[in-house]
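Naming follows writing order (A, B, C and D), and every chain is counted from residue 1.
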Amino acid sequence: MIDLTVKIPGLELKNPIMPASGCFGFGKEYAQLYDLSQLGAIMIKATTVETRLGNPTPRVAETSSGMLNAIGLQNPGLEGVYHSELPWLEQFDVPIIANVAGTTTEDYVDVAQEISKAPNVHALEINISCPNVKKGGITFGTDPAVARELTRAVKEVSSVPVYIKLSPNVTDIVSIAKAVEEGGADGITMINTLLGMRLDPKTGRPVIANITGGLSGPAIKPVALRMVYEVSKQTNLPIIGMGGVTDVDDVIDFLSAGASAVAVGTANFVNPFVCPEIIGKLPERLHELGYDSLEELIGRSHRL
Amino acid sequence: MIDLTVKIPGLELKNPIMPASGCFGFGKEYAQLYDLSQLGAIMIKATTVETRLGNPTPRVAETSSGMLNAIGLQNPGLEGVYHSELPWLEQFDVPIIANVAGTTTEDYVDVAQEISKAPNVHALEINISCPNVKKGGITFGTDPAVARELTRAVKEVSSVPVYIKLSPNVTDIVSIAKAVEEGGADGITMINTLLGMRLDPKTGRPVIANITGGLSGPAIKPVALRMVYEVSKQTNLPIIGMGGVTDVDDVIDFLSAGASAVAVGTANFVNPFVCPEIIGKLPERLHELGYDSLEELIGRSHRL
Amino acid sequence: MIKQERMKVVAQQPIARHIFELTVEGGLVDEMAEPGQFVHVRVADSFEPLLRRPISVASIDKENNRFTMIYRAEGRGTQILADKKAGDEIDVLGPLGHGFPVEQAEKKAFLIGGGIGVPPLYELAKQLNSRGIETVHILGFESKQAIFYEEQFKALGDTHIATVDGSHGTEGFVTHILNELPHDFDTYFSCGPTAMLEAVQWAYPQKRGYLSYEQRMGCGIGACFACVCRTTKSETDYIKVCSDGPVFPAGVVIS
Amino acid sequence: MIKQERMKVVAQQPIARHIFELTVEGGLVDEMAEPGQFVHVRVADSFEPLLRRPISVASIDKENNRFTMIYRAEGRGTQILADKKAGDEIDVLGPLGHGFPVEQAEKKAFLIGGGIGVPPLYELAKQLNSRGIETVHILGFESKQAIFYEEQFKALGDTHIATVDGSHGTEGFVTHILNELPHDFDTYFSCGPTAMLEAVQWAYPQKRGYLSYEQRMGCGIGACFACVCRTTKSETDYIKVCSDGPVFPAGVVIS
C-alpha cells in the first residue's frame, strides 16, 4: 500500500489533491458528478465581507494552452458562505480551506475571524494575489512589508492555520514568502494567476470586459514550478502548489519541486473528473517511480 | 497600396516585422532560406565584450505552447560580431538592431560604444532582462534606478538610438519603463522571457542544465500583450513588441496594444519562413480591417 | 444527470456555408430531456485549445442513442471539431442547463431563431408537435448560403425565412417577418444573438416567452461564475447562463 | 539546399515495439545526399507541441521521391507523428546537417548502432555497399521486441545483434560484440546513445571513425545555439550538432 497522506498545519490530507479556489465554486456542482469525500481538501471560492457581484462579462477568454479570467471575486459574502455553503459541505468527509479576500486589512480580518470558526474549515487561504479587483487584492501581495502585516493581523484572529496565497506577478516571490513567514503564516499556496490580456484582432478591443485578466492553465506551469522550487528552497513553510496541473505527472513535478500538496484549477473545466482521476493514478505512479509514500517524494528535486 | 512603413528612432522600417534577438543568430542560417532584405529589421544575438560560451546543455525544453531556453548569451564577443558578423550582414538592405549584454555597466558601455559605430547598426537593444546569466542581465532590469542609470551611461556613448529591452519578471513594468524613459532611452523592446522551469517527472531533475530557463512562445503572449498595453499607455516611448507572435493576427494585436513594430522569436524555430510569411500577409489583413496604413492601427486599443 | 462520455461520431457533414451537422452516439443520450439544453464539447485530447465549446442539442434520437449538433466552424475549436469523421470519438459533457419548457405552450407557438441559434429550435419543434402544438418557425440567416434545415422545419409547420442580404426569403431580420404575422400564438421561444432576443422581447411584451442566451463559458456547470447575466429578479445577484439557463423566461435577463 | 515542405505520407507502420517506419514523398528528397543527415519534423499544425522533432533519414528512394524515417513513439510529439496515415501531410524541414562521409571508407567499414541510432546506418550501409565497400553491422537494442531491420541489414552484410536483456543475439551492449570481432576494417561509423559513442571511440583509438551525436534542438539549422557540444578543437568555441554535425570525426566532440 502506497501512503498518500500528507500532514500540514491544520490539514490531515488523505491525499495531496484538491481543487483550487474559484475553479470549484462551493462544491455543489461537482458534487453532482462525484463524491467530494474522495478529495484531499477543497479550496472554496474567495469569500469577502459583503456579497460581491464581480466584473461585467465576458469574464473569460481562451489563450494558447491557457485561459484568462476576470471573475472579480463574485461570491455571496461571508454570511452566505458561513450559513449556507459551508454547512452544506459538512456532509462530506473533506477538510475545507476557505479562501479569504478583501480590499482592506479590516476586510481580511473580519472574514478570517468569522469563517475560521466554521467546523469544517481547517485552514484559511488568504488571497493577497487576486489580479482582478481594482483595489486591494494584488497590492497586498506585491509589497513584502504589507504582506507581513496582513499575515500578522489575520493570524491574530484566525482559529485555524493560515496559508497565504502568493501572486506570481512580482519581481522576487521569495521576499514575499519570507515576509509572510515572518508574519507568522503557517503555509503558502501558490501561484495565483499571471496578469494577461487578449485582444480581438478584428476590433482591437480587449476580449475580457475588465481589459486584463488572470492567466491560468498549462501555459503557466513552468512559471509556477520555478516559483515553488525557489520558495521551497528558501523558506521553511509548507507549500500547496498549483498552476497548470492537468495530470498525475504534473502533480509529481510540483511535489518534487517542494510542494506538500497540489491544487488543480483550470483543468476542472476541461475534465470535471480530473481530481478523482489523478488521485486514482497517484499510487501506481508513485510505485513506478519507486516510492512507498508521498512524503518521500516531496522536495526530491532539491536533494539531487 | 497599403503602407507598411514605420518610422521610429534610428529605424525607417519598410515593414514592422523583425526576428527577435537570439532566435535568428546573426542571420546566416536564415539567409540560406530567404532574402533577408525582406525583413523590417534584424535583431541580432546578444553581444558581450568577450566571447561567451554560455551554459551547459540541455539548453532548451518544451512546455505547453512554449519553450524554455537557457542559452546563456553564447556569442563570439564584440570583436567577432563587429569584424565578421556585421560586415557579412551588409550585403542585405536591412537595418540591424544590435543586442547588447553584459554583467557590469562598463560591459554594456564598452559594447554599446563600439558596436553602435558599425555602419549597418541603426539602433541598439540593451538587454537588461536576460534571465539566464548569473550576474548582471536581469538585475539591471528589475530595479528602476539601476535601469535608469544604465540607460544614461549607454546613451552617452552610443552613436545610434538606444532601445531598452525589458524583463517581464517584475512587479511593475511601467516603473521600469518610466525609469529608462527618464534615463534617455529612445525606445523600448519587450518582453524578454519569463523565468520558468521544467522537471523530468521520472527523476525529479530539472530538464535544463541551468535549472531554470526563459519561457517564450505562444504561452506568454497574453502576458506580453498586457505589458505592452500598459507601458504604451503610460510612457511616450515607441515600443517594439514581442512574445509569442506566430501569425499576422498576433502582429495586429501587438500593434493595437501600442507597439510600433513587432519581433518574432520562437516561431522562427517552428516555421523558419514565419517572418516573410507574416510580411506577405500584412497588407491584405490591414485592408480587411479597413486600414490604409500601419501607422493608423498602432495603439488603436487605447482609442476605443 | 450530467455525464462525461467519449461519444462515437456517427456522421458529420457540411449543410450550409461553414455549418456542420454532427451526429454522435452513446449512453449520454439517455439523460437528455428538454430541448434547449446544451453539451460542452472537448474538441481535442490535448489542452490546446483548452476550453470546451458549448453547443446546443439540435435533435435527439433516443431510439438509436444518438443526438445531433449543428454548429458553425469558425474559430479554432469548432474547426477542429469539423475535422472529426465517422468512427472518431469526442468527449462530451452533458446534458447541461435548463431548456425550453415545452409544457408551457398551449396551442400555437412561435419559434424564432437566428443563425446558430436555430439548431435547438428544431428539437423543440419536434417535441411541441408531438404534443399537438402548432409551431410557426421564423428563422433568420445571413444569406442563402447560410441557411440550413429549411425543409426539416417546413415539415413541422409554417416556416418563414429572413436573410440579411435578401438572397432568400424576406430581406432583413426576423423582426421584419414578425411585424407581418398575426399575433395568434400563446407562447414564443427564441434563440439567437442577444440583439435579436431583445427585439423579440420588445415585439411581444404581453406574451409568454422563453429566450435562450449565450455567454462565454468556463466550466459549463455552474462552478466558475464566468457566464453570468444581471437579472431583473435581484440587484445583488447574477444568474448563470450555463446552469440557471441557457433558457430564461422573457423579462428575467438584463443583457 | 534546405527546404520546408508539406510532404505526403505514403506509408506508416509499426515495425517493433514503439518503433514506427514512416515513408513520405515530395520534392525535398531531391536535396538529400549524405546518409546521416536528418530532418526536422513538425508533428502538428498547431503550436502545441511547439518544437519540431529531429529524425534521421533512414533510407532514400530518389526514384520515387521518397524517404523513410524510423522512430520511437515515446513522448507526445512522436506519438502524434505515429497517428499519421497514408494520405496525410507532414511539414518537413531538411535535409539538415552534415552526415557520414562515405568517401572515407576504403574497403571495409564497421557500422555500429544503438536503438534509435540504428536508422541512419541503413542508408549509410546501402550507399557504402553501392560503392563496393564491405559493411559489418553491429546493432544494439533493448530487447527482442525492440529490434528492427535485422533482415534488411543482413541483406547488405554481416550483421550482429546485441540485446540488453539477452532475448536475442548477444546479451549486453554492442561493445560486447566489438570485443569479439577482428579489427579488420578501415573505418567505423556509429550512431546511438552518447555512452555508446564514447565506448566505441575508446575501443578503436587508432581507427578512422565518424560518430553521430544527439542534442536537444531548437531551430535545427544553426541559429539558436541550443544544440552545442564542447570540442577538442577549441577552448573558446562550441560546435553545433544541428549544423556542424550531427556527424563528427572521432575525437572532436567532448561529451
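Things to note:
Rule of thumb we're sticking to: a residue touches a chain if its C-beta (ideal position, glycine included) is under 8 Å from a C-beta of that chain, and two chains touch if they have at least 3 such contacts.
Everything quoted here is computed from the prediction, not taken from an experiment.
Listing every chain that touches chain A and chain B alike gives C, D.
Set against one another, B-C and A-C show the most C-beta pairs in contact at A-C.
Mean C-alpha position of chain A lies 46 Å from that of chain D. Between chain B and chain D the centroid-to-centroid distance comes to 36 Å (mean Cα coordinates, whole Å). The multi-chain contact residues of chain B, meaning those touching 2 or more other chains, are 63-66, 217-218.
Each of the following residues of chain C touches two or more other chains: 47-48.
If touching chains are joined by edges, the resulting network of the protein chains shown connects every chain directly with every other. On chain A, the positions that touch chain C within their shared complex are 22-25, 28-30, 32-33, 45, 51, 53-54, 57-67, 69, 71, 74, 217-218, 246, 266-273. Those residues of chain C that touch chain B in the shared complex are 47-48. Per the touch definition, chain C reaches chain A in the complex via residues 1-2, 4, 42, 47-52, 77, 93, 215-229, 236-238, 243. Taken together, the chain B residues at the contact with chain A in this complex read 63-66, 68, 142, 169-172, 194-199, 201-206, 211-212, 215, 217-223, 225-226, 229, 244, 249, 252-253, 256-257, 289, 297, 300-301, 304. Within the complex, the chain A residues that touch chain D are 64-65.
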